[in-house]
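Two complexes, one shared chain (subunit A), two partners (subunit B, subunit C).
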Partner chain A sequence: MNTFRNLHPVTLLLYFSFVTVFSVFNFNPVYLCFSLLGAALYFASVKGVFVMLKSMAGYFIMLLAVAALNPLFSHNGATALFFINDNRVTLEAFCFGAALGLAIASALCWFSCIGEVFDSEKLLYLFGRASPKLAAVISLSLRLVPGIFKSFKEIHSAQSSFSSNQGRVRRFLSSFSAVITQSLENSIITADSMNARGFALKKRTRFSRFRFTAYDAGFSAFFVLLGTFICVGWFSFEFYPVISIGRLNALNIMSVVLFAVMSLTPFAYEVKEGVKWKISLSKI
Partner chain B sequence: MKRFSALVILAVILIGGCSVKSAEEYYGETNAETGLRVKISINCENAVKYLKDNKRVNPDILKDCEVGFKKGETVFDALKTACKENKIQFEYNGSSESVYIKGIDYLYEFDCGELSGWEYSVNGEFPSVGCNAVRLNDGDEIKWLYTCDLGADIGNVFKATPHN
Partner chain C sequence: MRKLLILIIPLLIIPAVVVAGYIIGRNSYAFVSALVVLLGCVPFFLAFEDGNNSGRRVVTLAVMTALSVAGRFIFAPIPFFKPVTAMVIISAMYFGSGFGFLTGALSALISNFYFGQGPWTPFQMFAWGLIGFLAGLLSDPLKRSKLVLILYAVFSGFLYSVILDTWTTLWADSGFNLTRFLALTATSFPITVVYIVSNVVFLLIFTPLFSKKLDRIIKKYG
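This part shows the complex of A and B:
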């Protein structure tokens, strides 16, 4: 089955850099709602609805926390709810906090989608040509932390089963020191292994399965076009001193609609391919 | 359990150290009349010139307002009273040691470039201390002025004092 992640890595990189930039550098809740919706739906189609809802619950708690904390640090805004030590606590600051939380939640959600989409092969393909060292470092460090956790779990369970008379802290410390020793050993082995596979050689060719087809080119052009028109019609959302949107024109509305199209593209792609798969199943 | 009770005590201290008032309560308060008065004005002429937008056209946020004060009160208290009586928004940072005014009437520091912010003068002099360190005298004239150039545009050129 063909899925969104099977698009060419360059196209995917283009798409995800667009949506994450639009989600991170932006406090306009109109855009952010669509961004979060698109990210959540795509995440659900990749990892399942239950996993998505679980992470959404976490994001929601974070959103509430940011919304509750922002008014305590920012006292700008015309609607005073109450006063703490002569500083006003305002509705506008609360709303800005909520928008900030929304921005963080949608960015996190897009980043977990990115984690699902970009495996080390794609990363090596994307950054390997520009800087093989950088690509090696990225893929090594991506593997490092989960690897350390895994070996810690193994060592700790072994330690726990043969030395039950040790205290918890002592047991933890001895497992920890064993993990450190092992990872030092591993780093030497990794270096040897990299040398043996010709890492330091000047002339080296690489094989990758990715081919930039007309299909990928079409999608890339589509994303660039969408991004341009979204930027052209971008409108600002003012929180201070009163919440206000400037007068909206057709360009602004088009920008929001196109942004919704852009954020929902991966999910729509998955749905389309799913339907196609169902239809093409043999009915014998 | 120990940790929980420590948290509760911390929360009680934090909340107990704050005075929380509703908006009506806050704006309904009046100072007891003592006969002592100061003149206070808040002016953002420089910001109006700098921003050049239609949202901020009036340079006088507060023009020649007289407020009463109690003996021992400071410039900060006068600003608080004036803002309370005229329902002007303001935000400050800091505590009893040193208070810094970040913004008045939604006009904040750095809104007009990185050298902008609020400064104050008492009878034409610019004290280089926090506004809660200057005691009020009867008949003082306090001016809160917005600068876009670290004080140079309001007659208070900043001179760095060399360290010995």
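This part shows the complex of A and C:
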């Protein structure tokens, strides 16, 4: 089954940098609601509804906490609700806190989607050409981490069984020390082997299974167009001194609608492909 | 081209971003700071790419990074005992400041593949990178005196928490709100202290061991 994550990494990078920038650095609740909705639906389609609801519950508690705490730090705003120690607790600060919580929640939700979509292979493909040595370092350490953890467990279980009089922390430290020695020595062997196979040569190519098709180009163009029109029609939402929105015109409404389209694109894509898959199954 | 970029980014592009952020207005603090921090990492990456780094250096960097990331898992059963900062400092002391910066930045990037990427990733990369860079500059006094080592471990714990709390404040307030910053620092203070203690313990135990390990490898492989 074809899914949103099977689009070309460049297209995905374009899409996710748009939505995260619009969600992290923006406190307009109208945009943020659509952003959170799109992220949550996509996350649910990737990880299942239950996991999504569980993380949403966490985000909701955090949102309430941020909204409740913000007036304690920020005394801007014209509408005072009550006073604590001569400090005004304002409605505007409370609403801003809620918007901030919404921004944090949607950012976190998009970042968990990114974690699902961008595996290290895509990341190395994207940045490996700009910096091949660094890409080599990153892919090496990604491969080494599980190995180090595994050899630590082996060493630790051996050490634990013959020296039970050591303290817990001490035992961890001495096992870790053994792991450091082992990995450093292995690194020299790895490096010599890499050099023998021509690591230091100038012209090195790398294998990747990604191809930029017309389909990906179409999607990229679509995202760039959406992003441009969203920015052109951006409508401002001011919290301080009083909550106010600029006068709405057609451009502003278009911007919000396009933003909703943009946030919901991954979910719609999954639904479309899911339906296609179901239909193709029943024909067999 | 790369050599030129290493100069242009800190001298021209970062100031240009800051000025542009100032012109755009007060709501751009968080975005500008994230951009500046990311751009701040780029010259180090470029310098590593340009430098005369043999296969051995490349693999050693990967191993040091992997060790500090794996350390986060290995010490997970012991609460708050995270060897990342200590590993970054050790790496910088023995392999130089640029190497230290990369160990720190890549440890943050790679460990967040497991613990979750977020808008904080660039700031963690920069904070740990900076800790490594400064440790590399101070490598001689750090190796010679235990007192300097302890002081630096304390300093780096504070530096890390100040950089991350500053980012949270800038993000939350679209400006620097001192009350919120102090409140954040106060809430994270106990954790910062535990981190500092674990850094000190780790550094005191591992710094002498590490030089022994390196000597052994140099003798064995030349």
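The rule is short, and it goes like this: the second predicted complex is superposed on the first by the 213 of 284 C-alpha atoms of A that agree within 3 Å, B and C clash if a C-alpha of one lies under 4 Å from a C-alpha of the other, contacts with A are read in each partner's own complex, and residues count from 1 in each chain.
As a convention for this text, a residue touches a chain if its C-beta (ideal position, glycine included) is under 8 Å from a C-beta of that chain, and two chains touch if they have at least 3 such contacts.
Quantities reported herein were computed from a predicted structural model and do not represent experimental measurements.
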First, second, both or neither for A:81, with subunit B first and subunit C second: first
Which superposed partner A:277 touches (first subunit B, second subunit C, both, neither): neither
Per-residue touch tally on subunit A - higher for subunit B or for subunit C: C
Which superposed partner A:60 touches (first subunit B, second subunit C, both, neither): neither
Which superposed partner A:21 touches (first subunit B, second subunit C, both, neither): second
First, second, both or neither for A:212, with subunit B first and subunit C second: neither
Touching both subunit C and subunit B, counted on subunit A across the two superposed complexes: 74
Residue ranges of subunit B touching subunit A (in the complex, touch as defined): 18-23, 25-26, 80, 89, 91-92, 103, 106, 108
List of subunit A residues in touch with subunit B within their complex: 74-78, 80-88, 240-241
Residue ranges of subunit A in contact with subunit C within the complex: 20-21, 24-25, 27, 66, 70, 72-74, 100, 107-108, 111-112, 114-115, 120, 131-134, 136-138, 140-142, 144-145, 148-149, 152, 168-169, 172-173, 176-177, 179-181, 183-188, 190-192, 194-195, 199-200
Touching residues (chain side subunit C, partner subunit A) in the complex: 27-28, 30-31, 34, 45-46, 48-49, 53-56, 58-63, 65-67, 69-71, 73-75, 77-78, 81, 83, 102, 106, 109-110, 113-114, 116-119, 171-174, 177, 179-180, 183, 202, 205-206, 209-210, 213-214, 216-217, 220-221
